[in-house]
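Pasting a structure below so you can have a look.
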Amino acid sequence: MNEFIFFVNNVLISGAVSGSVYAIGAVGVTLVFSIMRFAHFAHADMMTLGAFIVLILTTLFPGVGAVVGLPTAFVLMPIAMAVTAGVAVGIDRAFYKPLRQHNVKPIVIVIASLGVTLMLQGLIRLFAGTSSRSLYVDEFKQIFRIDVPFASRPLVITEPQILLLVVTIACVVGLHYFLNKSRMGKAMRAMSDNPDLARVSGINTQTVIMVTWIIAGSLAVIAGTLLSLDVTLKPDLSFFLLLPIFAAAIVGGVGHPYGAIAGGFVVGFAETMAVFNWAVLLRPLHRAFPNLFELPANLTLVGTEYKIVVPFFILIAILVWRPTGLFKGKVI
Amino acid sequence: MTNIIDVKNVSKSFGHLKVINDCSIAVEEGSITGLIGPNGAGKSTLFNIIAGAFPADAGSIHFAGEDITHIPANQLFHKGLLRTFQIAHEFSHMSALENLMMVPGDQSGESLFNAWFKPGLVRSEELAVRQKALDVIDFLSLGHVKNELAGNLSGGQKKLLELGRTMMADPKVVLLDEIAAGVNRTLLQDLIANIQRLNKELGYTFLVIEHDMDMIAKLCNPVIVLAQGSVMVQGTIEEIQNNEEVVEAYFGTEAH
Amino acid sequence: MTTTMKSLIGKRELILFGLLLLAIVVVFGLFGSAYGTRMLVEIACYAIIALGLSIQWGYAGQFNAGVMGFVALGGFFAMFFSMPINDDFWGSDLPGQLGGVFLRIAIGLALIYGASKLNRFGLSPKLRTVVTVLVAIVVYFWIKSNMVPVTQAIERDADFIGGLGLPPWSGWIVGGMVAGFVGYFIGRICLGLRSDYLAIATLGCAEIIKAFLKNEDWLTRGIATVSPLPWPVPQPIDVGFVAARAMYFSVTAVMIMAIYFLLHRAYHAPWGRMIRAIRDNEISASAMGKDVNKRSLEIFVLGCFLMGLGGATLGTFNGLFDPSGYVPLNHTFLVLVMVILGGPGNNTGTIIGAAVVYIIWIMSEPLALWILQVVTSAGDAEAQANLASRALQARVFSIGLLIVLVLRYAPKGLLPEKIQQHN
Amino acid sequence: QEIKVGFLGGFTGPIESLAPGILQGAQLAVSQVNAQGGLLNGRTLSMPTADTTCVDASAASNSADRLVNSEGVVAIVGGLCSGATIAAANNAGIPGNVVMISPASTAPAVSDINDNDLVFRTVPSDSFQGIALARLLLSKGIREVAVTFLNNDYGRGLADAFVAEYQMSGGQVLANVAHEEGRADYRSELGNIASSGAETLVVLAYADGSGQTIVRQAYESGNFLQLVGADGMVGDALVNAVGAQALEGMIATRAGSPEIEGADVFAAAANAVNLDPNAVYAAQAYDAAFLLALAIEKNGSADRDSLSDALRSVATAPGEVILPGEWEKAKRLIAAGQDINYEGAAGSQEFDAKGDVPGVVVEMVVRNGRFETLGLID
Amino acid sequence: MAIFEAINVHGGYGGMNILNGVNMSIEQGEIGVIVGPNGAGKSTMLKAIFGLLHVNEGSIALRGEDITNADPTVLVSKGMAFVPQEKNIFPSLTVHENLEMGAYSRKDSFQHMLDQVYEFFPPLKDKRKQPAGELSGGQRQMVAMGRALMMEPSLLLLDEPTAGLSPLYMNEIFDRIITINKAGVGILMVEQHAKQALRIAHKGFVLAAGQNRFTDTGENLINDPEVAKTFLGG
């Protein structure tokens, strides 16, 4: 039973948590992709940017959380979402819109977004320094250790992890209703299908693009903040998230929000399972039949130093096996 | 006369949609064969299958007696099978002349080794290819736009360019997919004349998809009617126009 | 021929070359000739890498965001071939054991390959896939369990397997070839993808290559780094900085001239026309009889070869093999900026771009510090120290800004690709 | 008129947050020298800086090259990361005949550079600290540990030394796992380690990098009872960030001796300019810069030739003891032709044949939300 | 008063003008047909009218009100609708959603228009839940027309609505156009099936090289031998 709890803690909860972060990130990437047709490399940096804004707010108003009984950072997150959404819209106006108007190939905008990534990284470091920070300024993270019958190990889950899972579900449901039922949502899908015709139909494409960036920016802040709450806030957080997030988006099928969510969890679980020591689960078996086999101390698929390449291997496997991703993506 | 193209019992589905359904057609060497049928009948799909753009699910295709069912598009070109596209597929960032010059398939300068180490050979071949392209471009009366980017040409000029490629390659068979759609009728008369000339003078075989009945009537014999992925009837244009089934499915009762 | 001569030295090129020369003279004047020659060599190495990216992207429209990986491969082979032979390793029984592991790897690969062909023997494709995956997993664990003890023994007893003691240039060529070979496999899998996907896929490949070089200590010494590396020409310690670097520069300059000449010839031959046609419209090119997959792969491999070669020359020049030193900012994005600024598909432009961007990149540090000193000369020491480190972050920012500005105002680069005219 | 001693640091890259403190340490020495009349008959000492990026050998040698060839420095303080130091030395320092003193490169490999006696360091090699840490744990009766180290020259060198000593002396290392810098999440690594059943976790990483996250997540997971760190983990910033409750009782080691006089002198001087005297490697950087100034003065000219001999002479016994900040006194003695012996802020800085200093390692523990120094480990 | 009038329109894509002074007008409830050689600027003219590219000189008016270079969104709310030559549907939206998008800027109920479109084009009714991308060419064209009709426009711009369609669908589309027009909608369309189109046109415009060459009733143009020879294919 202890081993099972260990498995739950280290694979299920862990995978679900990183899966959620990837999923929310991938939804933003895929939304931008399906509506503006380019892979937005700066998304991960918008996550960091948002989290830094939250940090600033939390430092300014440290007591807010106690009033509601939630982490201050979480309570203040909506303000950062608004700010980052504004920044995202501004970046689009300044850097992507002129290129769009020149009718350049999508790949050129992709490169521009690489430029924006570097600029954001430079700026964040310039103003916020480079060290790790915690989003818990005046409070401490709540850790729930849940005792389970027949086991001496507790199930461990932290407050931000619960928030993360809840918010992910809320985002999925909300986005589903928004895209399928609301007028603006349908207009966004229409725009992603055929931007010129959308204009001709009287859809204000500027508004649609703005709303897209607002949603993408807000989602980025949610992912960034909850991740930083759960772990730590670093300026170079984003670069390491970029690959798994894109892998998640492609694995799920680019341009497909539900695919992105599925992809996020696939990548998240794959990562944790690849580095999990499966010998742990075999130990009870080994205790029951000690002579049956010899149990190696460490039975992992890949060493943790290769964890970064796991999303990428999944990406390749999926692309070979099913080039459009799990859900049928739009463009290949 | 022999059948230069022989399509036997070919089927093709996209997902659950069966687009080509046990279809068999044959094209006689030296003929201009028409292929008509309602929208969505599977005509372009059939072209794509013959030209190797994607594989058939079942059935076989023979070209000049050889089984070409699984041969990719680029190899079919070298065997003498050339197709045009329903939507013009020009090389938009190359000049009109270059669009033609890239066509010949036996250019030794296309190998890196020759390009690097046999410049003399490459240059003399290049001169010949260029002369041929200039001839073709004059023949198509596109001389004044030969250095224009192909992407900037108008719809009709692109269609002419598509036709010009066929003349650069010396193919045996040309598959034409709706070259008339969106083309000005006056220009179309020239195109028809050109096709007839290529057929008579150079002996090209044509398989022509078209919705323009005037053009089909002028050019094609025989005409094959495709409906829902299989052949409905085949015959001369008169026979087709008087076939009630075809009239109902294709022309509509108030046609002519 | 006269037309090509003219196109080679147009007015724009002349002006740019003039400005570049001026910049180099200024650098020589300000920083001395030892540093100046060093910069020239590094520009030359980066120019080779940039030419590799330029032909992939400019000629064929392939967006390779994994330059770093190929550069690192080149660096590794430059080290592996040129370092002296490690007697601790070759004198023990470890080579035999390692050979045994490689034999097992070969057997394992053969087994996997065999399993993937089982459908020839009447197995249904689904079942075959399952069997292949199972075989692959078993083989993986089998090899892993055999390999780990051997590699650990090497690390413990011999540090790492050492080099081959061959001349550095042999490592450069092999480094280029292996980079091309790896590029071949990556290209086989990824070239069919949309360009953004290709970027992500190659980005990932580069990370895999780096992770491998960084963690397989028995082979590469990992983060412990290997240095000093032998040079193909006398080293500064023997003949002084300027002379040694001038000799090194002449080697790289000859290489660039040869590469430039060959690329120019190929581009203006039917080969170049075919590559551009494939870039424009793959479907149509394939209908015109061009083997799109083969040709895309050919140019991808050629580009990767150049990246490997450039990486190898750079590695040897730096005198050190340090796998963790390969970071995307310096080895992918910087090269990318060189190519977009210079003009993708224009070799002259790419070389100028490499020089301009490298000078900007290198000068941005002293410049940032100088500006800072002027601005904060009144401030206290702590503020200065902090600001100095932060001001250098501006480098990252300025590279980003440069990308965005170039795309905005000169989307085709300083010297755009020329449209072929036939009069 | 200025005499230049370069500072080669990783202002960007993985140790960018440590670099400012280290530079300040060196600058403190420079400002003291200048405040007390400068060197070589009143010439001023200045310190141009250059960035190595820490991880990019090419950038490191380039920056070093600029210092050596363009700035014309007499000597260099730096680099910080061992890889950068090796690259800079091999590419620019040694061919340029420039003495380099690294205040932070701890990798054992630095000892083995073929350096014509030009490369020194004021920080002990990792092998000292790893051994000390292993002995400390064993002496406390901890016989089973799991190790996770940062996968760079620092972490790996330290881990290798620690593990070798620990196992040789009868301890058992149940897991030894590398981790990469800069990740958001180390739960997988920790899970992997925890699966070995170890209850003591040795974290060999930097406090404001992966170390902080690992310690925090190790505490959250509840899988480990005892946390252990090395010098990279020491710093009250860690306690503030992770929480005193989580770290209470954490064992750590760091280089440096609390008993030498120089430490207190340096602490006072540092506090006066708002520099945390405990900032990682700041004292070592101070020593490096001060030593170089002494050596130049001793050498009698701003030439690079024979500077390393002068350095050895001023740094090592015998001779009149010079403490941090005692520049005027040292100048006077040198002028009088007397032999001096600098006893620094971070140690007595007696260079051995390879240019290394002997390691003095102290034990530290987190108590009441602060790192407290307990005493020397022998 | 002319419901729509374009006077001396100049415009193009980049620097160069494609349109060099085009004049056009139609009255309430009329059908106007534009014919001309490829590259004459016909599609360009429709795009210029609909605000999709910049008019450098000249003016365009709707019911006397100036709409030169107005945003398409504004034009839609003023009762204009446009069916482009290609890519005129939203492939991943269902037929029903395509029609809804047509009514995007309507604030009132549009149920009656949905009913009417399904009545116009019966095949669509069965396929209302199906993504439009799965339809055949003719059905797509119906969806495109239906989408344009949802706003109950008073002026409908059609760019080659019959290109690539089988004769059956071509006739059907022409029939629908006549029906729609009978309901009082003004229509301006480009056609290469010039004779059939001019036959139902009240007014015909022959465009060449970005300028008007002939403007007359449809009947007169068909019967003009010069027009017939140079522009209608004899």
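First chain written, first letter: the chains are A, B, C, D and E, and each begins at residue 1.
The rule we apply is simple: contacts are C-beta pairs under 8 Å (C-beta built on N, C-alpha and C of every residue); 3 or more make two chains touch, one makes a residue touch a chain.
The model shown is predicted, which means the values in this text are computed figures rather than measured ones.
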Least step count from chain B to chain D, where 1 means the two chains touch: 2
Chain at maximum distance from chain A, centres defined as averaged CA atoms: B
A-C or B-E, whichever has more C-beta pairs in contact: A-C
Whole-Å gap between the CA centroids of chain B and chain E: 31
Mean-CA-position distance for chain D and chain A (Å): 38
Between chain A and chain E, centroid-to-centroid distance (C-alpha), Å: 45
Where chain D touches two or more other chains, by residue: 16, 151, 178
Shared-contact residues (touching 2 or more other chains) in chain A: 129-130, 239, 303, 305, 308
Residue list for chain C, restricted to those that touch at least two other chains: 214-215, 389, 393, 395-396
Pairs of chains, among all present, that meet the touch criterion: A-C, A-D, A-E, B-C, B-E, C-D
For the chain C and chain D complex, residues of the former touching the latter: 30-32, 34-35, 38, 42, 214-215, 222-225, 227-228, 235-237, 240-241, 244, 314, 318-320, 322, 324-325, 327, 330, 362, 365-366, 369, 380-382, 384-386, 388-389, 392-393, 395-396
Footprint of chain A on chain C - complex, ascending: 61, 63, 189-190, 192-197, 199-201, 203-205, 207-208, 211, 214-215, 328-329, 333, 336, 340, 389-391, 393-404, 407-408, 411
Chain D-facing residues of chain A, complex: 6, 9-11, 14, 17-18, 21, 129-134, 140-141, 143, 145, 153-154, 156, 158, 227-228, 230-232, 234, 236-237, 239-241, 271-272, 275-277, 279-280, 297-298, 300, 303-305, 307-308
Interfacial residue positions of chain B with respect to chain C in the complex: 51, 53, 72-75, 77-78, 82-83, 85, 89-95, 97-98, 101-103, 105, 107, 109-112, 114-116, 119, 122, 125-126, 129-130, 146-147, 149, 165, 169
Residue ranges of chain B touching chain E (in the complex, touch as defined): 17, 36-40, 86-87, 153-157, 159, 178, 181-189, 211, 213, 249-252, 254-255
